[in-house]
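Just passing along the structure, written as structure tokens.
Going by the order they are written in, the chains are A, B, C and D; count residues from 1 in each one.
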Amino acid sequence: MNARARNLAGLVLVAIIGLAVLFLTPRLADLDTVLELTVYMVMAILALSLALVWGYGGILCFGQSAFFGLGAYTYAIAMFNMGESTLPFLLAIALPAAFAALLGYFIFYGRISDVYLGVITLTVTLILFNSVNSTAGPEFHIGVAKLGGFNGIPGIPSLNFPGDKNATIDLEGMFYLSTAILLATYFGLRLLLASRFGRIIVGIRENERRAELLGYDPRAYKLATFTIGAALAGLAGCLFANWGSFVSPTIFGLAQSAQIIIWVIVGGRGTLIGPIIGCIGIQWLSAFLGANQSTGSGSPWAALLSNAPLVLGAILIAFVLLVPKGLVPTLGDWGQALLRPRVRERIADAAPMPVGEE
Amino acid sequence: MDFVALLAIQILYAIASLALISIGLAIIFGMMRVINLAHGEFLMLGGYAAIVATSHGISIWIAMLVVAPVVVGIIGIIVERTIIRFLYGRIIDTMLATWGLSLFLVGLTTAVFGNTTVGISAPLGSFEIGAYRASAYTLFVIAVAIVVLAGVFSVLRWTRLGLIARGTMQNANMAAALGVKPPRVYAVTFGIGAALSGLAGGVLAPVSGVFPTIGVAYVAKSFITVIGGGAAIVSGTASASALFGTVNQIATFATTPVFGEVALLAAAIVLIRLLPQGISGRFFRRGI
Amino acid sequence: MEAPLLETRDLSMHFGGVKAVRNVNFTLAAGELRCLIGPNGAGKSTFFKMLTGQLQPTHGAVLFRGRDISHAQAHEIARLGIGIKTQVPSVFDGLSVRENIWLSASRIHPRGRARAVVDEMLERIGLAGAAQRLVGQLAHGQRQWVELGIVLATDPQLILLDEPAAGMTHEEVLRTAELVREINRSKALIVVEHDMQFIRMIAKQVTVFNQGGVLVEDNIENIMRNPLVRDIYLGKQAAA
Amino acid sequence: MKVNRREFLHGASMATVAAGMGTFASRARAADMINVAGLHDLSGGLDIYGKPMVDALTLAVEEANTAGGLLGQQIKLINHDTQSSMQLYTQFAQQAALKDKVAVVHGGITSASREVIRPVLDKFKTLYFYNTQYEGGVCDRDQFDTGVTPAQTVEKLVPYAMKKWGKKVYVVAADYNYGQITSQWVKKYVTENGGEVSSIDFFPLDVTNFGPTISKIQAAKPDFVWSALVGGAHISFYRQWAAAGMRTSIPMASTTFAVGNEHIVLSPEECNGMLVCYNYFQDLKNPVNQAFVERFHKRFGADYPNITELAMGTYQGFLLWAAGVKKAGSIDRLKVIEALETGINIDAPSGLVTIDPPTHHCVLDVHIAEVKDKKLNVLEDFAQQKPADTAAVCDLIKNPNDNQQYVIKF
């Protein structure tokens, strides 16, 4: 079974599971489950955005939440001012992308890389956090939308079918939409990575200097990757604002940024399905740990297990020590070890080079 | 005029506290390329160590200057032996592991000490500058920062330990040549870094109080300071703290704390853009 | 006569106080094959780095096909037609051999053509059998070949080879020399090498670097006889 | 081939769904019980406030159950730890309404969390009690706010403090809408009492260095400082204030201090003499309260630091809801709301607490107390304060479909 056949099998499997979740969940699960899954799907899109930028582009962006938050705030503010969701939806994607393009130009054409890039992106989110966090006063508003500072913006109107502001999308609709967009994003990225562009950004990740000496301009390719990632994060932000009809500055916070990175590491860099799994797994875990607290009474063990940060932290540590590559690549290794000795771990689920095709 | 003097002290204090919370991270990151996301929790633990010790009747000075660093130093070594040592050269994995560690420590402290803010009142009382009064403890913090930086510098510069440490970080064989096991050097270095963080946490406890989640307030700022400072541990940390502290305080006085914070962060971005190697990378080549 | 393919004027590179390359005036005609020799630290690699835009000269100029490229970006120079094979093979370790070659071929060719070029090149460097293997898992010699393949696939007019025979078995050295001569039928080359047998096999003109400057420039026989060269270079080798 | 694929697809989808369901199956549901949900932060930055509230709610439910439950049914309390995360507030509010099918949700600490919960519970027609003191102005028939609002406390404390100390006030406040709005009320009452507010400074909740501000305050030389600072980080203000030797020279009043037990965390030298004003103090000398404190200590230990304003708010919130249910003879949302709108009242530890029908807020007693050696000594009582601020903008009897939080202009 060669690489391409395996990839094809993988694609088909993902497609089947994806469609199954998409169409069967609302029929078989109760509304609460559907809503819970909705937010996981939205976050998975966010995870994918970093999977592209970092996992494939090799750009360790510590501030992916900046674009996520910008998307959410853009949608909220535009929505209050316009009422019809088509333009706000597009703005929520375009604005973060534009912001990323500027920031990226500043970074990549300034030849800033690895940990320094991490710090700059982190710093940018913190600036956004601090600024937005201090807009509680009534004087801070854009059009009719009050920024609300720490408390954020509640009661954000939901998306509507393009053109008709009264045909708002209901809760199940949001699930279908989010899941569909997640699937679209996944397969879209698969296409992108199988394209010449995708090959080149992986090449640049592998050996930037060599790519340069072959005549590729790494700055331009990184900038493009960074911008696409930001657009996706913005899209996720828009959907998130819809899901909770709420957005607050914590969306820019350090915790949020680190969380996205963790999803990718846990799931596995250099894969797309990995970060999705990592994201959903960790989200579900923290929700599960928080639910049904045993207070006062109950054994000390119960109390300890209901201590969300403690358990989550322990799991992460155990993870990095035992499954350093991340879930999917490790599973992939095991699987492929059975199939053939050579392992193509680094670009596990990217389709092979388009040679011998057509 | 008095006010200017007061302002000057506030600026010095801001610089000192930045340097204090950063130096431990600077050593751990600068010498072993480990991005320790649990750094904030090391500071937090230092605070708790100092407070618990004081509440058990130990003199506050001993508690802050001895108990806190020793306790956290030991914790640091345990962490290095049980987690970090498996991850050298895997910068990203250490990030994930230490992030997990930070969550774990927050959860643990909450379980042990509960979640309310605890603290000890600052000793030394206050002093007067003309019409104004300020906490004498401020001056103490400044002094501690100076001593710590000078100490780290001289250890690295003149002692065998420092030589071995610097050597090992450049190449492990050198330490072996000097008849020292690299693993031990790593453990000790990490321990010292942790100890200094503990010291900082202890010294700042009376000022800011301590609660399990206080680490978050520290980690980003110290990380930015360290990177802004660049490779040279002492001169880098010192110069970056000086820059950021001054910017932050002046902006705060002139406007609001928020703007002060934003000004600090903006300064960091500009700095890294202009000097991608950090301040020391530009001005103190091959310095300490 | 026509303008030289490559020309440097007083090309110099200083690191702090150290003058790694000083006032080098060097010319290379189209289609020429030139060898650079000289002891380690003579400035050969720094010279290459400046030709390929990896370093910006402190002063002086590099002209390629009559155009000043002293301050051009590395990728711009590559696109103008200078390819380099570095001393330590610089390849895409995480990608397969085929993907490596494809990455460079597809810079100048559309998909379909690129594929043909890749197959061709795989044959030429004798790795068609290992096409699907990760380059990171290949032996040193093989990675040398891969890098050569990458460079050739971008079809540059001038190729810089930094110690192509280093760490090769005698057979591999022979093959490499053969390949270099073959390449030279269509392209100009500058080859940095220590292995005199290898140089004899390929070179007519040789330039000797010493302490960052050009010591002499002559045909191989005279160079071999030149006492100066013996002292600073062959002498060293004999002693070594 | 086709068959195989269909079979496979079938299998795969079932597997997925099974997995999906399995993960959520773990949460129990008891049809024969009345489910009540509590949404509070037991971890993360705000757990300081959450923990006592959860304890109070737990006690209230246990007492109700030992007393035979409600309408002959036992009450099942479901506590969710929202981990100081707005996303989890949304998720758990949804879960409470849809999966736990609760009769009422008690919880939410910051106004932010309330504004996250409120729309969700409105959407799914679930009754919601917000039991924290807050800035006022929420007007929503599906919701009750049992905490005190500025008009009930600030209005009393400002004149008291001005009489005691003087007319020039310097306000330091947390930079979010509670702090913003409270400081506006302070300004209003100070000027109405013929004083002046020399400055209002706002601080994000994570600020810990107050050196510059303390200097600014000294430069302004006010008669006293009004603090509307909130949260663990802001405690350092009082520390640094005392360390600078200011406590003795410039006194301080607050309607946020001690809500997080600051008066116990800080040493007497750091906060003695500060004036505060709340609905509840643990040392209130009335039989109901003394009995309550005894029960509370029996349940959670005599060393329990202090029963906070928020804890009592939660306890009273539950009692009010229970009273509503008894009167309505049903847990049906509308019936309970109507029952509560008859102006139900309870004889609570803090005194008489009555639902104010038009605002769904509470008429209750407030007390001014002085911090003295880690205790709060009550100095003066003000009976039955109305939620005048919210009442100025909200009348749910006239327009029951109103649903928003007003920012009260004056």
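The rule is simple: a residue touches a chain if its C-beta (ideal position, glycine included) is under 8 Å from a C-beta of that chain, and two chains touch if they have at least 3 such contacts.
The shown structure was predicted, so the numbers you read here are calculated from the model rather than taken from an experiment.
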item	value
If a chain touches chain B and chain C alike, it appears here	A
For chain D, the least number of touch steps when starting out from chain C	2
Chains linked by the largest number of contacting C-beta pairs	A-D
Distance-maximising chain from chain A - centres being C-alpha averages	C
Computed distance of Cα centres, chain B from chain A, in Å	32
Chain centre separation (chain A, chain D; CA means) in Å	34
Where chain A and chain C are represented by their mean Cα positions, the distance between them in whole Å	44
Interface hub residues of chain A, defined as touching at least two other chains	130, 133-134, 307-309
Junction residues of chain D - those touching two or more other chains	43, 175, 202, 204
Chains grouped in pairs wherever the two touch, ordered by label	A-B, A-C, A-D, B-D
For the chain B and chain D complex, residues of the former touching the latter	3, 6-7, 10, 13-14, 17, 106-107, 110, 114-122, 125-126, 131-135, 137-138, 206-209, 211, 213-214, 216-217, 249, 252-253, 256-258, 260-261
Footprint of chain A on chain D - complex, ascending	8-9, 12-13, 16-17, 20-21, 23-24, 26-28, 42-43, 54-55, 58, 78-83, 85-88, 90-92, 94-95, 97-99, 110-112, 115-116, 118-119, 175-177, 179-180, 202, 204-205, 299-300, 407
Sites on chain B touched by chain A in the complex	35, 37, 83, 86-87, 90-93, 95-97, 99-108, 110-111, 216, 219-220, 223-224, 227-228, 256, 258, 261-262, 265-266, 268-269, 272-273, 276
Contact footprint of chain B on chain D as seen in their complex	43-45, 47-48, 51, 175, 201-204, 206-209, 211-216, 218-219, 232-233, 235-236, 239-240, 242-246, 249, 260-262, 264-267, 269-270, 305
Complex contact set, residues of chain C against chain A	52, 54, 73-75, 78-79, 83-84, 90-96, 98-99, 102-104, 106-108, 111-112, 115, 118, 132-134, 137, 150, 154
